[in-house]
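Pasting the structures in now, so scroll down.
Across the two complexes that follow, chain A remains constant while its partner is chain B and subsequently chain C.
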Partner chain A sequence: MGALAIKNVTKNFGDTHILKGIDIEIESGQFLILVGPSGCGKSTLMNIIAGLESPSTGEVHIGGRMVNNVAPKDRDIAMVFQSYALYPTMNVRQNIAFGMETRGVPKKEQDEIIARVAKMLQMDHLLDRKPSQLSGGQRQRVAMGRALARDPILFLFDEPLSNLDAKLRVEMRTEIKQLHHRLKTTIVYVTHDQIEAMTLGDKIAVMKDGVIQQFGSPQDIYEQPANLFVASFIGSPSMNFIPCHLAEQNGALGVSLQSEGEARFIALPQAAKLVGAVGKKVILGIRPEQFDVVIDSGDSLACKVHLTEPTGPDTMVLTQLNGVEVCARLHPRDAKGPGETVRLQPDVSKAVLFDAETEARLA
Partner chain B sequence: MSNPTQSAHYGFAERWLPRLVLAPSFLLTIFFVYGFIAWNGYLSFTSSRLLPNFEWAGIVQYQALFASERWWVAVKNLFIFGGLFIGGAMAVGIFLAILLDQKIRAEGALRTIYLYPMALSFIVTGTAWKWMLNPGLGLEKLMHDWGFANFTFDWLVNTDMSIYTVVIAAMWQSSGFVMALFLAGLRGIDESIIKAAQIDGASLPRIYWKIILPALRPVFFSTLMILCHIAIKSFDLVMALTGGGPGFASDVPATFMYSMAFTRGQTGLGAASATMMLMTVAAIVVPYLYSELRGNRNA
Partner chain C sequence: MPKFWRGALYAALLVAALYYLLPLYVMVITSIKTMDQIRAGNLLSLPTGISFEAWGKAWSGACTGVDCSGLQPFFWNSIRMVIPAVLISTTLGALNGYVLSKWRFRGSELTFALILFGVFIPFQVVLLPMAQTLGWFGIANSIAGLVTVHVIYGLASTTLFFRNYYVSIPDELIKAARLDGAGFWRIFLRIIIPMSTPIIMVVLIWQFTQIWNDFLFGVVFSAGDSKPITVGLNNLANTSTSVKEYNVDMSAALIAALPTILVYVFAGKYFVRGLTAGAVKG
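Now for the complex of A and B:
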């Protein structure tokens, strides 16, 4: 059995169902991300794994052991909190040592562990400072050090980077990933930030309303989203969702797209999966980078640019297709200014289709 | 700017208006607080009896004060009362706050109930406790009526114990207030700190003792300050509960000062005891204010 297995876990508070049957299993050494909007139950699930809350039904296994009735301290886990949760009256050294003292680790061994952890996280010079004398990034580091000192079989990170400023967040993200590569421990990481989810995870569980919408590798989730929610949540800028009707024309299944200038029927290569859905309302999902600028008319549409958002390497161009705002990620060289027209060709081979009513994926 | 007279006029108002507004209260405070403190201080160096007499008499009143057995009883009582009241109210208050902090139901109602005694005046508290502790009227009579004929609880009329009844009543009155202060402090503690300590394996008592209470140090000191000055100023509770009696067994400096200055015609002696009380309060408050103000400047 893997490092962590969650079997049909539910959590109810009275009539409120926070978790509705969660099943997750990961192998030892994997980096699991729980991602979702606030209120999706990811933090509750984290607390259940940590033992800070107990599940209403279902089982949690850590390292092959059923831990439903095991206290947090005996689960061999360590946790890093969003607010760092450093003990305010203790200095960094005492913060790291507190758990070891409680577990009765000999003083000499404690000192060795503190020295090792401090060296690993480059915070030797901070050991005698109080948390209030540290910057946000340093506090984060200390919180991680405290977790590392435990040397657990499972690390839990509860939105550890949310309180940091943007630049530091990117640096710490890299650092966490490097740490994981070095230590090869199993990590469960809760975040609402889809970029963190994509960059860090071996496995991502996208959650919404107490249900896992999709569980898979980052690339899977990006390219093969299970439903409209997953597709909209992962990726920035978000995937474009264009409402259309599935139709048949000259023996090919496709949809008709209409820009302000012209309308065009676009055949879809995923036709085999769509046969039953002809005539239905569907939503065509195209990522911003799946638009190309072309000169000839081919399958392309003349689109009027409403707004451009240059980011440096790419320029986001906002235009309209089938009456909804559509964002295309273009090379700055190809982008036109607002009011001008650009010919865009959607790369439908990677496009996905959703049922407009159930929001489930069709193809 | 363009109109120099207008801006000069504006500057004048800006400079003088705050001073004008503050002047009456400033003058009143100078006269009625500091003026009378000084006057009292001067009186303590005269031989005033029933009426003030402004002839300098040196430190005779202080000599009389320090030779008075009643004064030393009052001082001893203040230490007994102050120590037990502050320690007791603090311990009970912190304990109640920790219990109320366990996410219990009806917390708001309970908090109000515990805080309510603070809304009563010390006179009401003193009178109510006087009835309850009166051997012929309250607890002792109740136990006798229930058939426990040998039960005695006569602290109120016992020379050695009467000061402790004041401690009981004062603790009853102030514990809820201490609880409210500490509860507010406990609410300010990040909940994930407790979670982290749980994962670190600390038991709940250890979490409170090693992590949470040390973090409440500022609350602890503010509460200590408030309780200290309640204890030193304590007058009405003693007057209502024991009247300083039996005899002068439960006198505290404030009641001593009152009886000397206003009922026994020893104005000079009363003034000297009042000066001693002022010095005691100053000895506690001045270092505190100093450290607070200096702390603020650094922050």
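Now for the complex of A and C:
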């Protein structure tokens, strides 16, 4: 059995169902991301793994051991909190030592561990300071140090970077990833930031309304989203969702796309999976980078540029297809200014289709 | 123009300060006058010489009823009452607040609401049932009885103070400590109490003032040699002799007020700090 297994876990508060049957299993050393919008239950799930809350039904296994009735301190885990949760009246050294003290680690060993952790996180010079004398990034570091001192079989990170400014967040993200590579300890990481999810995770569980919408590798989730919610949640800028009717033309299944001034029928290579759905209302999902600028070709559409958003390496071009706003990520060289027209060809081989009513993936 | 308004502001504040300090001034100067000076001058006139005779008499010689040993025994009664009563009610209030904010249980909000209700119960309502209860416990008319009454009556407000202070301490701190292996008491003693200095000062001052200045419980639940200083002061001022000794009365009142004044002087800065703590994130 893996490092962490969650089996059919539910959590109810009266009639409110926070978690509706969660199943997750990861191998030792994997980096699991729980991602979703606020209120999706990810923090509750984290608390259940930590033992700070108990599940209404279901089982939690850590390192092959059923821990439902094991106290948080005996689960061999360490947690980093969003607010860092450093003890304000203790200095950094005491903060790190507190857990070891309660576990009865001999003083000499404590000092060795503190020295090792401080060296690993380059915070030797901070050991005698109070948390109030530290910057946000330093507090974050101390919180991680406190977790590292525990040397657990499972690390839990609860939105650890949310309180940092944008630049520091990227730096700490890299640092956490490097740390994971070095320690090879299993990590469960809760975030609402899909970029953190993509960059850090070996496995991502996308959650919404107490249900896991999809569980898979970052690439899997990005390229093969299970439903409209996952597709819209992962990726920035978000995937474009174009309402269409599935039709058959000259023996090929496809959809017609209409820009301002031009309409074209585009055959879909995923036809085999769509046979039963002809005539149905569907939603075509195309990521912004799946548009190419062409001079002229059979499947391209003349699109009027409404707005451009240069980001440096790419320029986001906003236009309209089938009456909805569509974003295309183009090379700055190809992007035209607002009011001009650009010929865009959608790469439908990677496009995904959703049922307009159930929002489930069709192909 | 701003200069003028600033001046006007200070003038207004000065008048207000004088107005409030006037009674204290009258008390202090009357207490150091002799009876002859009091008869010769008026209420506000400065003394011609300083005499602490009246202070001495108020402390150890003035008559309260038939007994003429001054306020001294009452003062020590009050000390023996106020110290345990303040310490016990503060300790229990801190524990209650800790439980009601950080270890919520089913019905904890209702419990808090009911405790809160205790803040609004007037003293007079509890007099009879309390007298009966003290009788059952066999501590009626004793200092232990007074301590019990003040602890029970003070619990509502000390709980309120601590609970509201602890609500602003993030729950994540408790979670972190639980993961570190700390239990209920260790979290309380090692994490929570060290963070509580401002609110502890507030509660200590609050309880000390309340209990020291209380007259009603003192007069109802004490007898003989267990009377607190407020009762002693009342008896001293009401014991009629041939002449009304204003200087002794004033000295006695000042002696009775002195401990609370000292507490404010030495711990007052914590009082304001504690009352506003949590209002602004540090």
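Things worth noting here:
Everything below uses one rule, namely that the second predicted complex is superposed on the first by the 362 of 363 C-alpha atoms of A that agree within 3 Å, B and C clash if a C-alpha of one lies under 4 Å from a C-alpha of the other, contacts with A are read in each partner's own complex, and residues count from 1 in each chain.
Simple rule for what comes next: a contact is a pair of C-beta atoms (placed from the backbone, for glycine too) under 8 Å apart; a residue touches a chain by one contact, two chains touch by 3 or more.
These numbers were taken from a predicted model, which means no experiment stands behind them.
When the two complexes are overlaid on chain A, chain B and chain C occupy overlapping space and clash. Once chain A of one complex is fitted onto chain A of the other, the partner contacts of A:16 are absent, as it touches neither chain B nor chain C.
In the superposition on chain A, contact of A:98 is made with both chain B and chain C. In the superposition on chain A, A:79 makes contact with both chain B and chain C. After overlaying the two complexes on the shared chain, residue contacts for A:69 are found with neither chain B nor chain C. After overlaying the two complexes on the shared chain, residue contacts for A:132 are found with chain C alone; chain B is out of touch. In the superposition on chain A, contact of A:88 is made with both chain B and chain C.
Annotation: chain A residues 47, 50, 52, 72-73, 77-79, 81-83, 85, 87-90, 98-99, 102-103, 146 touch chain B in one complex and chain C in the other.
Residue ranges of chain A in contact with chain B, taken from their complex: 47, 50-52, 72-74, 77-79, 81-83, 85-90, 98-99, 102-103, 146, 158.
Chain B makes touch with chain A in their complex at residues 190, 192-193, 195-202, 206, 210-211, 214-215, 217. Listing the residues of chain C that touch chain A in their complex gives 170, 172-173, 175-182, 186, 190-191, 194-195, 282.
If you check the complex, the residues on chain A that touch chain C are 47, 50, 52, 72-73, 77-79, 81-83, 85, 87-90, 98-99, 102-103, 132, 146.
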